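Shared between the two complexes below is chain A, which has chain B as its partner in the first and chain C in the second.
Then we have the complex of A and B:
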């Protein structure tokens, strides 16, 4: 272990972009002072666009409702309190159920996608078969349609199948629209696994399935986790439109539709709406944070050469 | 056991014939090296023996049994890949144990077999590490460990040393030769490096564009190449080829005209071909290391354009008039031969090779044993 004082200076020198002597970065990664300023300015502009709504949303959730419509508008809250985080549970009794529904729908869609996509991506990455480019192209083309365009045919399809107003009405189309991009993503990852490993396993007597289970799956794990995260986020984000169209039962509603309850006839309870949004995405954030710990890069190091 | 026969093996990709009608017998316990330039089909041939590629035509026979349609394991074959192909997420122990795990061997047996393989390959202290933390040479040994743990009858090596640096390659050559003696198994080794071929092989198969150019012991190929391809491929720098005209064919050899000199080369010319040979253009082959300054009974004047002084020897390259290839000569030790200055070089007809216009050699009369070649370690079949 480095002693604390030295560690502190080291962090300082690394963080200081103008120090020339102790820099360890490669020559081509060095910038002049105005380049550094420009880079950070650019980062700041785009971060502001991305994060400002979140900051304001959070501040709104702390304000009493009356303050929201005062003129002039105050960005910073006076007498900030977390009251909205308490009262929202009373206004919408089903709130916890909505969060659960959201997680259930997103998790179920993610699991379905993974079960279908992992073998499919492996097949597309490793084997060449008739019609493969056509199929891949079709997947790409399908994913260019937004689910919204296909709402009416989907509605008729699900009415025929009799699954309107069930969880399946939200899970199945959710999963279906996420499969194409997941296949493309995971296929690209799996193509990086050297085919020599398949040949070596075959020479050692392993069956196709044994090789898949013991060699390919462990090596594709980082890619599978990326796909899982992307699919989970996608399923979480797109459920609003499917839920609104294919489901009319309150007890199956996911969070985004549930938040509609804060839109009253006369007024919108903005502070509780914001509070509910932040509480609602918290479980999803925790799950994603948890999955991300398993993202280990460079798993194939040492396989060949 | 471990006797392999190839019977008229052919492999085509589309319309391109990669391996053409190759027949070959590999004896039990033999170290056989396939050598040839890139694209000569040597790797394809090995992959067909391994069971990774189908044969278009012909039979692969191991210990008297046709194995064309058998999986590699059922052929009793293990292979070491050029890229090692180690499983990066498994420890060295699990990498070596993989074939045994596939078989479903009991844990105690796996442990003892992996440990004995690790001992042979000096990997005892590395068993817990991942391949990513090993050096190139150690990775190569893990790959070999994975092959020997199943105790196959035939080992296949696909250019296993080509990713190592020169010093390590020399060490691994000796290791592999030692391993072959220790295991006594049949080994088939593919390389494009003639030094690996010459140093490790019991017999070498030289492949040229999908055909076997010659099969023989290393020094047999060096001293008695059967055609210009083998003559040029084996030996470094490559053999010089000079155009000559046949003057006279007798029982003791062929007399040729070389730049006005009459040279008598001791080769065998069958009586039936003698009339056809007389007056015909022939190719005289002489290796760079047999060129001297003075001595010998033939001489020529060359003007070296480039001289290389390596300390251990001195190499000169001289363009020949009206010929594309340059004339090369190797002189022992450090000799002061200035470039761009004409010098007289000499050679002895006893060191010369003669090839007909089709590139086939007229067999040299000299006995291989008299040329300093040791007797073959492997008994040749009588049939």
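Then we have the complex of A and C:
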């Protein structure tokens, strides 16, 4: 059953304590040329699916309208130009405002979430009083309901509060549904801060609040940054249904809803819509590029034990 | 005693703002939805309690069909997300040059504003000028243009594909982390004993990833069940109701036709299903953690 060559390398590498891990691992991870081709082929197919809409969208934004609406279909643009990126500003007069609104709504929602979640996550991480596990479960259950299910009462609530057709109508409900994952993520992070620090602070006569503000918060800052980034991305990416339902004023619309109105018309000027989309997603792409490590860490921190 | 009393007050003081917020924005609307579902609330000023009428009237229309469609739509979407996500995670775990770049390139669909990704798919599905129809014709798979969003069957699958596309990055990254959490010693021991790659995947990777797979399929299930943006932007539930899921149906009834009472009854049905999913999930995780202890 045993493969003698492999067994030999394992024994040899075991004998040498310095090369144990690297040698066996390296041997195991060595692929034949055929396997390498298969792996790259698989990755190519996978990424083709993930990126096809962006590639196609970008090429469309470069094509002149006449070429866009011509058959047969041409993948590569002929006489490509960035003209659509200039003309779209006239076609969508509020475009800059839409992007500003999107950023404003996402930022405000993130701030609300942080103010609520940082103390709550600390409480869940450090104290275990009666009822708290149940409460944590209740918080997590919030993420079960999408806003769509609660739209009717939320609509009436917004109307009663008199904030329909304002930024608040999009910020306040949006923030609520970002709370569960933020609590979960930050709680996991804060549980790693040693409880001995609390005891030491208590021994020195520090109050609970002082300990939280001067000991825990500085230590938790990297975790808070990750949560802030994740929340911001969620808030930026998912502003559709509340903005669609609770706001009808063009000047308050975030980008997705603003473009949706444009998208819904009979004569869609596709190259300009795609150009606008690319300008609109630029902030998100910049974030991915620079914060990639935080993203992977943030996405998986709460998940793996 | 004073310490713990003080700590008790402090802990609940920390929790209070978040509790209050969620009570007002989520819990109260939830209760209100249940109350409204027993009324004939609409744009009119007067509201009467109508008992179970809204629930019985749900079945006037093809509600059973909508439920069934929601379940099959969700099932196919979640299944594809899991399979493609696993495929991606295993490949991105391979030690080949460029894998960090490939990992970054997986993320755009998840990170970009959803609606914008959906616009792009909307153009790709265009029958006359879109990429998919164009390429299918070019390679001779179909004779004429295929307007994917104009026919019930193709619109159904088109919306699923877009939903899968948006869901896959998160599943992939999560699975990738789960694979990396598996101790390498296991693979090395199996490798020493001459186990093939496929055997190692089937006997080490898959079983040890069971908790991650269950967690992720559950989270996807809930997200997919609630999926609204994709269908609303691409088809608004059409053509002739072929992509109308329960969420879309609720939205059309409540916001479109302003029948708040009937919409609320539909929302309650959705909540019941979601609660059942959650209960099933907790049962499953509890069973798993018990197995781990043994």
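One rule holds in what follows: the second predicted complex is superposed on the first by the 234 of 305 C-alpha atoms of A that agree within 3 Å, B and C clash if a C-alpha of one lies under 4 Å from a C-alpha of the other, contacts with A are read in each partner's own complex, and residues count from 1 in each chain.
Keep in mind that, in the parts below, a contact is a pair of C-beta atoms (placed from the backbone, for glycine too) under 8 Å apart; a residue touches a chain by one contact, two chains touch by 3 or more.
On a predicted model such as this, the values are computed, not experimentally measured, just so you know.
Judged by the touch definition given at the top, the superposed model places A:49 against chain C, while chain B stays out of reach. Looking at the superposition, the partner that touches the larger set of chain A residues, chain B or chain C, turns out to be C. Contacts of A:215 after superposition: chain B is touched, whereas chain C is not reached. In the overlay built on the shared chain, the residue A:93 is in contact with neither chain B nor chain C. In the superposition on chain A, A:202 makes contact with both chain B and chain C. By the touch criterion defined above, A:162 lies against neither chain B nor chain C after alignment on the C-alpha atoms of chain A.
When the two complexes are overlaid on their common chain A, residue A:194 makes contact with chain B while staying clear of chain C.
Once the two complexes are overlaid on chain A, the chain A residues touched by chain B in the first and by chain C in the second are 202, 299-300, 303-305. In the complex of the two chains, the chain A residues touching chain C come out as 1-3, 6-7, 10, 21, 24-25, 27-29, 31, 35-36, 39-40, 42-43, 46-47, 49-54, 56-57, 60, 68-75, 102, 112, 115-117, 119-120, 122-124, 126-127, 129, 132, 135, 138-139, 141-146, 148-157, 172-173, 175-177, 179, 183, 202, 208-209, 212, 233, 236-241, 244-245, 255-257, 259-260, 263, 270, 273-274, 277, 280-281, 284-285, 287-289, 292, 295-296, 299-300, 303-305. Within the complex formed with chain B, the chain A residues making contact are 194, 196-197, 199-206, 210, 215, 218-219, 298-305.
On the chain C side of its complex with chain A, the touching residues are 3, 6-8, 10-15, 17-19, 21-22, 24-26, 28-30, 32-33, 36, 84, 87-88, 91-92, 94-96, 102-117, 119-124, 128-131, 133-135, 137-138, 145, 165, 168-170, 173-174, 177-178, 181, 184, 187-188, 191-194, 197, 212, 215, 222, 226, 228-229, 232-233, 247, 250-251, 254-255, 260, 263-264, 267, 270-271, 274-275, 277-278. Contact residues of chain B toward chain A in the complex are 50-52, 71-73, 77-79, 81, 83-89, 98-99, 102-103, 130-134, 136, 139, 146, 150, 163.
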